[in-house]
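The next block holds one structure in the form of structure tokens; read it before the comments.
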Amino acid sequence: MIAEPTFFDVNLAIDIVLLVMLLVVAGAIVRTRSLLTAIILFGIYSLVSAVWLVVMDAPDVAFTEAVVGAGISTIVLLGAILLTRGEAERGDWRRLIAPALVCVTVGGVLIYAATGLPALGDASSPVNAYVGRAYLEAAPNDIGVPNTVTAVLASYRGFDTFGEVVVIFAAGVGVALMLGFGPRASLAPPPQVMGDHHVVLRVAAKLLIPLIALYALYVQFHGDLGAGGGFQAGVIMAAAVILHALVFGLRETMAAVTPKVARSVASLGVLLYAGVGVVCMMNGGLFLDYDYLFPPHIEKEIPGWLLGGPESAHHWGQHFGIMLIELGVLLTVAATMVTIFYGFAGRSVDDAQREAKR
Amino acid sequence: MADVLAWIGGGFVVVGVALSVLGAVGVLRFPDVYTRIHAASITDTGGASLVLLGLCLISGFSLITLKLALIWAFVMLTAPVAANALANAAFGSGHKPRIGAFQIVRTDERRKTPRGTDAT
Amino acid sequence: MTFFLSHFNYFAVAVLMMAGLFIVFSSGNLIKRTIGLAIFQTATGLFYISLGKVTGGTAPIVVEPGSAEARELASRLDPAYLAQHGVDGVVYSNPLPSVLILTAIVVGVATLAVGLAIAVRIREAYGSVEADEIEVLSRVESTQPGPRA
Amino acid sequence: MLLAAGAAGLLAAMAMMIVRAIMGPSHYDRILAVNSFGTKTVLLLALVGFLFGRPAFLDIAIVYALINFVTTIALMKFFRYRSLAQPLATRADEEARHG
């Protein structure tokens, strides 16, 4: 392999084509005044960047971007547009001069700074030669999990990830406090929809919803071995619930997954994550130090074949610690996304008027 | 043998991609929503089937074949349903086709709208 | 030309960031602004991932050493390059940027939702999501003390 | 070689879909473009996995095929009914309403 990329390197060629697509789509988002068009284009932007992430060897991130960018954020944006309006005002062009000047200047500085960065794919750059390589070399021995991203995410940087989960939980609480937990006004009957009948859609959705939920579980438990993990699985699980609400109506969904269940599960996930950390501390380790998840006298009793051969027995704590905290992540992320969706989809313009009267 | 299969698989992939490209040209050039849906949905499912079949031939029989079959099943399940729902929604919201001798029949009054007038 | 191609990722990221920033600055509409912020955030992610890419590398999911897949991946690379940068006979890209950006994306959509919820409440209070109109309305309100009509 | 040609063709088709999504003219054209773009993305991901020698990443293609559907339905429902909360009617519902 050549150290310096040439244009005929397939990898680089796909990379550049995708980046040009991203630039074109971003330009179109800047230009359009219709927010709906902007949202659709943002969906395409996410899809393109997710393919780009696969090309750049980051399948875990691509997974997340695919589900979050193209799925959840489109739906959340649509929910927000429903409660506001679909068009942005046309600004006076003279007011665009100052922002344009700022952006061109800052962009010029950034591009100038970028010329000093190591070339794309430089294996000897400080980022790749030290810390990244150290993780790759140490993880199979320390953690015993093939997916290094999961190993770093859940074990080495477990405390950081705990913070992220708490932030997601807090964001869900914030949205629920601002928009409510679901429909408080009585939902109006379906609008007059002459000529529409969605039998095909309903049947297909009935087939797909359990498959999506099942696939989320696969992603969850396959996260040690391949791309995947709690964050991705949580969002996929939420997508299954959202699809149910889209096709069968929010009221039906709320009967199945009540807002109360959603918010309890969200807190339960954070609690599970923190609980694993506290158990490790009680057994004499540090917070989230999974090697101390089981006290030594219990660990001695665990048969080695449970995890494929006696040589992997000393990874018992790590395996179970990662599995438990990923489960916590799954619960929190899925329940938070569902709560956020309930908040946006369940609110109607009437709610605001009723609140104003109170 | 495996080599021959790989070449045949590659051939399938190229034909499937060519179908997708043709569909994309159709989406660009056709005059209204319905003809575009037509172009996109047929070539998408057809192209996807050929590409995935080709990849199956290349990979040989393994877990990957199962995953390819799953992708095929999902594409075959979702793409036509989405196209159907889209055409249904476009029709319901009063988009009128621009070509062909269509008569718009609405289920509410079963009235017939003369060709070329707005259905809304 | 080689220099331009090998730094194209960073240039593209800079332009994307500025596109996001321009939307935030120039558009008065709060929802469009949140979309701009989301683009800015994605651009940051692209930058991190670009830095972590290693030429000839594969995704940081460890292939079993000596397996058919590992041999296939190794056969694509120059042996000297492989010996210098490989781990157990395979060159991997950097896992650390993936970890940082993966969580950032999910946190990003949660905070996006918070931003949009604030926009919705502003719209309910003032009847508009355009920053200019809100400013005018809030100025009118502050000169008229008492409960909002 | 054939796979690389396939990837190039798919990228070209995706570019055309982007043009349609930007041009519109109606929002249904844009939804169609996104949906078709998603299907092409699924194929490209599968191809890229084989091209780079890690076909295990087909998982991502599967998830795309599923999520793409959810997004399309959400967009369609938004434009047709201006609501995310209403159930989609069946023929039976409709006939019950109209007698």
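As written, the chains take the letters A, B, C and D, and residue 1 is the first residue of each chain.
Keep this in mind: a contact is a pair of C-beta atoms (placed from the backbone, for glycine too) under 8 Å apart; a residue touches a chain by one contact, two chains touch by 3 or more.
Predicted, not measured: the structure shown is a model, and the values here were computed from it.
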Chain closest to the middle [Cα centroid of all protein chains]: A
Centre-to-centre distance between chain D and chain A (centres being mean Cα positions), rounded to whole Å: 19
Interchain centroid distance [CA atoms averaged], chain A/chain C, Å: 12
Approximate Å spacing (C-alpha centroids) for the pair chain A, chain B: 29
Set of chain B residues in contact with two or more other chains: 74, 78, 81, 85, 89, 92, 107-108
Contacts with 2+ other chains: residues of chain D: 14, 17, 31, 33, 52, 56-57, 59, 62, 66, 68-69, 73, 77, 79-80, 94
Multi-partner residues of chain C (at least 2 other chains): 58-59, 61, 76
Chains grouped in pairs wherever the two touch, ordered by label: A-B, A-C, A-D, B-D, C-D
Residues of chain B touching chain D in the complex: 7, 10-11, 13-14, 16-18, 20-21, 23-25, 27-28, 33, 36-37, 40-41, 44, 47-48, 51-52, 55, 58-59, 64, 67-68, 70-71, 74-75, 78-79, 81-83, 85-86, 89-90, 92-93, 95, 107-108
Residues of chain C that touch chain D when the two form their complex: 58-59, 61, 69, 72-73, 76
List of chain B residues in touch with chain A within their complex: 74, 77-78, 81, 84-85, 88-89, 91-92, 106-108
Touching residues on chain D, where the partner in the complex is chain A: 4, 7, 11, 14-15, 17-18, 21-22, 24, 27, 30-31, 33-34, 37-38, 41, 44-45, 48-49, 51-52, 56-57, 59-60, 62-64, 66-71, 73-75, 77-91, 93-94
Residues of chain D touching chain C in the complex: 52-54, 56-57
